[in-house]
Amino acid sequence: MLTPPAALHALLFAAGEPLSKQEIAKLLDIKPAEVKTALKALTASLEGSGVALIETEHAVELRTAPEAAPLVKKLRESELARDLGKASLETLAVIAYRTGSSRSEIDWVRGVNSSASIRTLLLRGLIEGSEDPNDKRRIRYSLTTEAFGHLGIKSAEDLPRADELMAMTQAAAEQEAVADSE
Amino acid sequence: MDAHRPRTGFSIKTDSYEGPFELLLDLIEERKLLVNDLALTAITEEFIQHVRSQEAFPMEEAANFIQVAATLLLIKSKSLIPDLELTDEEDADVEDLKRRLLAYEKVREASRELARIYGKRVMVSAGERPAEPMFAPSRDLSAPALAEALARLLAAREEVEKLPEAKVKPMVTIEEMMDRLASRVQSAMTLTFKEFAGGTKEKVEVIVSFLALLELVKQGAVAAEQYEPHGDIRISHTDTSAVPKYG
Amino acid sequence: MLTPPAALHALLFAAGEPLSKQEIAKLLDIKPAEVKTALKALTASLEGSGVALIETEHAVELRTAPEAAPLVKKLRESELARDLGKASLETLAVIAYRTGSSRSEIDWVRGVNSSASIRTLLLRGLIEGSEDPNDKRRIRYSLTTEAFGHLGIKSAEDLPRADELMAMTQAAAEQEAVADSE
């Protein structure tokens, strides 16, 4: 069994955003006074750990410790500066030649899970997602105007071997719909 | 399926087997046996019944099952006819099957262990913080690079999809062999195993023939006799009033 | 100043995804041996904290501790693991207990073609493939941090009956190598 501060730690880590103290009390099924004690204990145990608890009047959040700021900056810079690599390049290509592809369609065409690549491409401003009007849980991806600019083209039709590769990608993605409905 | 095996009392859900090892191990475990020659001999018949009952096997799977059936037959025939000499290749097949089965037994144990814990206590990654996207292209990003990445990917897909077709080759079924053997026994009354299996070059076919023969012997439809250790096997109709005995 | 384990903690927390040990060494500007020491220290300090380190051969990721699963479920319902079929579980088991298995090795021990199972596991992000350095046409598979997360274990050593079953599958693979080279 987890101690209350450990449970709180796990909860905040998984949430990734500020949680209200009220919510915490409800999720951990403890009293507000106990939340206070747990917060105090967690703050103490995170001392010098590289990660810290940020507490406002009503909410709490986990963040990297202020001392880690230069390191986090270095991480972000390295994330943005490195080559896209095979996985992200493939993912971007599928989206470029088939605008509006969903994650499961990209996965299907590539044969591997593409979540990490999609994340990278979003972070680097090369693609953007929008809700499928027919299915709100499904996100459809397309290239950003900046990405088109970098590629030196105005639209997807200007991509090399556009007709041929678009048709092939379309055919491959359609198989996903079939496989999915089976 | 039970109707096919009234004597055993085992009920096996035949259509749920993806591969031959799974079926083999289930048959062995139901009898509470260990993986060894004795166990394999004991389950040969039922294994073969299973293969025979599967009309609608995809070809590649059928090949896997028939290959294993053939090796089981080798083990069984060696136990029935101790003088039977196996070729080096056949010996290797027998050893390989036993090794693989022992290894698969462990893999199955391992997969049961994983099934026990999978999804029970999921450790999740840090909650997604929506980061502010910052436009950051890379040196390896260009329109030709995209086209090339996609073309390579699609070509690799196509290759994978074509693969199973190429592997498929026509394969005799055990039923076909049984029919052929039965009719030839009835017309010729006596023939040797070499005559019977002669003309078929595929090893699997020869062995399937042998399997069919053993089945007929067991059912009492034919008699098989071997007069010297390495001699040929004589097959004859069991209706002794119609057929004079040789010897 | 942050200690190496604290810096590592901050880095992994900020990344929010698996980082390769190589990347960590570069970002922290330390040697591989020091990465190893820092990982060990961080694992120890996270003991009982509600958050744990998942370590594969090449990558590391921070995740909630297995004990926190019932609590996290309340927060992130969607993360519930979808069940794996028998064939996929077997394939996962071969790769788990013998990391770096190739398709032909998996086929050898299972007695069936495993490509469909491998594809399922790749699509779910539970395994990843990498080229064999000695034979570029051969892909070797290993578990991802996602797979360890779903199994609720921190590393391959925590697999059930690890020593016994790893030894067995190792022996099997050697047999296969002999058979393969013949």
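For the reader, a short list of remarks on this structure follows.
A, B and C are the chain letters, set down in written order, and residue numbers restart from 1 in every chain.
Here is the rule we go by: a residue touches a chain if its C-beta (ideal position, glycine included) is under 8 Å from a C-beta of that chain, and two chains touch if they have at least 3 such contacts.
As the structure is a computational prediction, the values presented were derived from the model and not from experiment.
Across the two candidate interfaces, B-C and A-B, the one carrying more C-beta contacts is B-C. Here C is the chain whose Cα centre lies closest to the centre of all protein Cα atoms. Centre-to-centre spacing of chain A and chain C amounts to 20 Å, using the average Cα coordinate of each chain. Inter-chain spacing, taken between the CA centroids of chain B and chain C, is 33 Å. For this pair, chain A with chain B, the centres built from the Cα atoms lie 46 Å apart.
Each of residues 124, 126-129, 160 in chain B touches at least two other chains. Shared interface positions of chain A, i.e. residues touching 2 or more other chains, are given as 13-16, 111.
Chain A meets chain B in the complex at residues 13-17, 80-86, 89-90, 92-94, 96-97, 109-111, 122-126, 128, 144, 146-147, 150-153, 158-161, 165, 168-169, 172. Interface residues of chain C facing chain A in the complex, by the touch rule stated above, are 1-3, 5-11, 13-17, 23, 26-28, 45, 48-51, 62, 64-65, 67-68, 71-72, 74-76, 119, 122-125, 128-129. The touching residues of chain B, counted against chain A in their complex, run 124, 126-129, 131, 133-147, 149-151, 153-154, 157, 160. Of all residues in chain B, only 18-22, 60-61, 64, 68, 96, 99-100, 102-104, 106-111, 113-129, 160, 163-164 touch chain C in the complex they form.
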